[in-house]
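Below you'll find the structure, written out as structure tokens, and then a few comments.
The first chain written gets the first letter, and so on, giving A, B, C and D; residue counts start at 1 in each chain.
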Amino acid sequence: MKRVGILNSGGDCSGLNAVIASAVKTGHALGYELVGFLKGWEGILDPMMYRALTPESVRGISHLGGTILGTVNHGRFGAKQGAGDSRRIPAEILKAAADNLKKIEIDGLIVIGGDGTLSGAVQLQEHGVKIVGVPKTIDNDLMLTARTFGFSTAVQVVVDALDRIHTTATSHERVIFVETMGRHTGWIAFRAGLAGGAHAILVPEFEFKVADLVEFLRQRQAMYRSSVIVVAEGARVGASEVYQKAEAEREIKLGGIGNHLMNMVEAMAPGEFEMRNTVLGHIQRGGTPTAADRVVAKAYGCEAMKAYHRGEYGTVVAYVNQHMVTVPIEACTGALKEVTSDSLEYVTARDLGVFVH
Amino acid sequence: MKRVGILNSGGDCSGLNAVIASAVKTGHALGYELVGFLKGWEGILDPMMYRALTPESVRGISHLGGTILGTVNHGRFGAKQGAGDSRRIPAEILKAAADNLKKIEIDGLIVIGGDGTLSGAVQLQEHGVKIVGVPKTIDNDLMLTARTFGFSTAVQVVVDALDRIHTTATSHERVIFVETMGRHTGWIAFRAGLAGGAHAILVPEFEFKVADLVEFLRQRQAMYRSSVIVVAEGARVGASEVYQKAEAEREIKLGGIGNHLMNMVEAMAPGEFEMRNTVLGHIQRGGTPTAADRVVAKAYGCEAMKAYHRGEYGTVVAYVNQHMVTVPIEACTGALKEVTSDSLEYVTARDLGVFVH
Amino acid sequence: MKRVGILNSGGDCSGLNAVIASAVKTGHALGYELVGFLKGWEGILDPMMYRALTPESVRGISHLGGTILGTVNHGRFGAKQGAGDSRRIPAEILKAAADNLKKIEIDGLIVIGGDGTLSGAVQLQEHGVKIVGVPKTIDNDLMLTARTFGFSTAVQVVVDALDRIHTTATSHERVIFVETMGRHTGWIAFRAGLAGGAHAILVPEFEFKVADLVEFLRQRQAMYRSSVIVVAEGARVGASEVYQKAEAEREIKLGGIGNHLMNMVEAMAPGEFEMRNTVLGHIQRGGTPTAADRVVAKAYGCEAMKAYHRGEYGTVVAYVNQHMVTVPIEACTGALKEVTSDSLEYVTARDLGVFVH
Amino acid sequence: MKRVGILNSGGDCSGLNAVIASAVKTGHALGYELVGFLKGWEGILDPMMYRALTPESVRGISHLGGTILGTVNHGRFGAKQGAGDSRRIPAEILKAAADNLKKIEIDGLIVIGGDGTLSGAVQLQEHGVKIVGVPKTIDNDLMLTARTFGFSTAVQVVVDALDRIHTTATSHERVIFVETMGRHTGWIAFRAGLAGGAHAILVPEFEFKVADLVEFLRQRQAMYRSSVIVVAEGARVGASEVYQKAEAEREIKLGGIGNHLMNMVEAMAPGEFEMRNTVLGHIQRGGTPTAADRVVAKAYGCEAMKAYHRGEYGTVVAYVNQHMVTVPIEACTGALKEVTSDSLEYVTARDLGVFVH
């Protein structure tokens, strides 16, 4: 009986356990023995950390947040951000990992992770390890798949928060900034902002002028008296308005981009608006997944195991047009899928009068 | 300024208010005056019932369940079920409606509804009324659109219920039947069952044998001690097992299909299982929509109004491959999109060992 | 090190796991070894079924519904309903249980259960078993404690359902009956009905006339067009209106009291109202407990173990005036706390114009 | 027909609309005409801002967050914090308000507010205005009432967040700080922390040493690998550890107390823990109230109006031992009810091994 290892790496997101459980159940039915490596790539380095995964041991975990395998954001493997050579993992580390896997007779790996993790997987393959990948990004910003797990849950958590915040904004006639995840792309902010009735949505893809936002808020507050602004953490103020870059960066680092924007608005329009800022933070990551995330996570887990069984090593599973397909891992790393001005969310928000840049 | 009327008809579902609000805001921005007809088609017959719809009057309604326009399941218009001539609305009714609209200078209608409602729309067009349709079916079973609003919410409500019911099933080592909506198609049952970890999913599309279900339950209860079975209201027992059709139909009518199945299982395996039945009923229809339903509902409302503005009368808006398109109304009525054995939900459930027929 | 057993019996309700986990953690800190008996009293009969309970084994279970010990509604112990001698468990069963406990050196028991379970505990004590009880009733109808766990969760589940159902009732101008738990007392129905804006609340404590309800509905529908009626499963129609008792009972047994009332209203006012019925059923029992239920469940578990440590055998823990006290077990069985016309919920509902009888 | 005014002032919290709606319905039934003053006390100053409140105009608002009357945290009336003379509102303001009320023939007021608002009410009474108060504090820290509305909702929101955060803490083996409301008292933090399984709960009432917390975390992380710490915004580090008060205050002001503690822990134990901080902020205030908050809010609204009708001016309604009573307004201002070491929450948390100071 062949042994297949499962590991996940990088930040946690809702649905990981459902992927793991589905891969285990499917793999077991296909005649594999499954083991789970703990704490991402660390689990296959010295000392190896792993546990047997049986259908019984993964029963009843699919609706739980987090990951039973644990995870890390850093480590000896794939820690580097960036592109090209800067992402090379030292050959001796890769070799040690490959040797370790051989030692415990692992036939190959199901690797669940984002851009960085999958880049590591590509390199480990070069040392003879068979790999099928499952894309993981809470930001839903991979080019080759319509939907990743964890995203729907993050959006729903933000919308639930917005529903609560609207009532306070209205009652107090305030402008409230709500900061969401999204360092490089603004899908969470855009979908949640649209669904949750935000009046402005600020994302990394569309540079904006604070002066324009101030003008928008003046008109809006005069008419409607309250405003809710969703800001992705990577939202960008246009260069022309940033006089003291270092100072701005320090302020963002300490209090977040929402807080920084609030200060900029106050500086441009002193005393005009009663403003508040809220940073949603980690509640977007964890907890029980939405129905949609559970479905897609289970489908990823099943399909990854079946792709492995079919011998499609070097691929990741992708959700395309409501079906699961496999694509080369390399196709899944690198460029991000950004919010564009012809995406449904952008078009709808703009038609509804939302300030988008 | 042209006046456009908005109406919805048939059963309510989450997201209706978001469609209405978006259509009104978009229409207003495009220079239209909007009115809402009350209680479906009844609102355009004698006595006409309608109210002005302004951006102000639809503020803050998008996250509320139900419809501010009211709705009916029956009426003088489109009441008949069936196909072909049986669905013809008497010409004098259609003419009266068209005349009424002229009387109050309505340029045309945005009609939100399902198969029956849109069939009425087709007939009203023949009397010179300009119409753009928005598809509405909580069952997500229209051929030409990937997603209708209300469906995601219904699925989430069922999954929330399943999460609660699992703990009771496990604690008491019971077999619990959970009946969901889905008279003709099983999408709600299938997606919710898969997401919610159901052990059997029974839908109209796949006839099954109760004897097979009993055998499945015997094996499952021996190993795992508890089972949760999701049954769409239209699930069908194979003809070979139904001895007394009239009796069976009466029982289903009174207590639902889940109750009927429970009785059949008990008859085949007396005393073997401790069983319970629960009918989720109307909680699947109403209440605040999920983030996903709000996004899609808003997109439908915007796009319908823009299609009207572009003069694409006689079409319905459809959500295809993450974009909004328009298709002829006729293409949207008639055949239903059924759960097939190559749909992702079916394949995943089967791979995970769920009893599907 | 003394061994203390924990068992729960009867229907499950939210918070059981929190009680168990707290008792285990507290007991462990006080120097006890804990074991959990499975499936209620059955676990201490032949064959005994139990497992060790350590702080580690109960980590992370407090927010999960159900009970890790399993439970049954019936069995060889305390199965009988009723009063006085009819509740006597045969002496040989009690003796066998007491002997079993001695065999595995159990010092005594923490027993979590309702009226029937605690009545069994009283009898087992007579055979020399030390017992401290924790009251369990989802209906919150014990005389000597202000709040039992599971009740807050059940009420919240009903209110969430009512929020959804209101939007359907309003959109369709319907009268919707919602059946809740509450065979003997109406606390769930009353609190949930009041919180959820029900227009009529029907509970076992207050017999009512269907004719009065019809009259109320006539006035209400004329003015407001929609009505939501919360009915506890044990709600009672006054004797004067029940002509065919056997028929009525059969109808209630099949379709529930809400369905029966709907039929009675239809018979008295044919075609006047568009009515629907929904039975909430098992979703009220299971699933993650509310914050309030978790707090009270944890307090019960801690206090039970501390009472055991203080040697207060023969008592149950009770929550009185925001503190935990102990009272004799006997004081907790027998009479139920009913909704009275001077309770805050009744008074408030009546002041707000809710039909209560 | 006598006119009674309703106003609320200070920060919004869940349940305000339920109080207003109940007061209006009850008042209407008792024969009063009701008006609502907007934006707290500002509404009775120049220019007066008010609207008629009828049973129809408050239909369907009880489950909505915020307040239909709007509110402010500041203003010409009662703006001052503090005690004694510092809280005196200038006599000319009070007189102007009283004269305004006479001008529009207001018989008296129902005033919903916290300590500051009720202190204003006491002073306005001296100018001949009849007042009945309803206590409002999201912190549930009034001496004379067991439960205020909004508190249960805030606690539930925190617990929902903790459920999500636990899964991330566990998956990443982190120490996560979660900051809740509670500047002067720690009820929200304590109840939510206990319910949500926090491992440390830090509140204003119990000064603690960061060095002790570090020691606790060392032991905990060694055994369990993850920790969740709930910190009320007013939590206090013991004076002996604060070397640079001004610096500490600035840091708390910018990033919150949780962030500050994280930095202190890092300074004492560099690199030992992977830590994160999250500030829940405004989501605790707004949004739909829990069932418990709706019940208590409705009871407050009804009882306030009935107390007014009985002529019990100068009182506030209080919820004591599950009944509504009235107490002199003065008794409700001033001292706060703090978390004490014999409160059920404290005792239970300590028994369960939670770090409380």
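Throughout what follows, contacts are C-beta pairs under 8 Å (C-beta built on N, C-alpha and C of every residue); 3 or more make two chains touch, one makes a residue touch a chain.
What you are looking at is a predicted structure, and each value in this text was computed from that prediction instead of being measured.
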Other chains in touch with both chain C and chain D: none
Furthest chain, CA centroid comparison against chain C: A
Distance from chain B to chain A - Cα centre to Cα centre, in angstrom: 31
Centre-to-centre distance between chain D and chain A (centres being mean Cα positions), rounded to whole Å: 35
Chain B-chain D separation of Cα centroids, rounded to whole Å: 42
Numbers and ranges of chain C residues touching at least 2 other chains: 163, 166, 170, 288
Which chain pairs touch, all of them: A-B, A-D, B-C, C-D
Residue numbers on chain C that touch chain B, as the complex places them: 11-12, 16, 39, 64-67, 70-73, 157, 160-161, 163-168, 170-173, 176, 254-255, 276-283, 285-288
Chain C residues touching chain D - in the complex, by the definition given at the top: 22, 25-26, 29, 59-60, 62-63, 146, 152, 155-156, 158-159, 163, 166, 170, 191-192, 194-197, 224, 288, 290-292, 294-295, 298-299, 302-303, 306, 321-324, 343-345, 347-348, 351-353
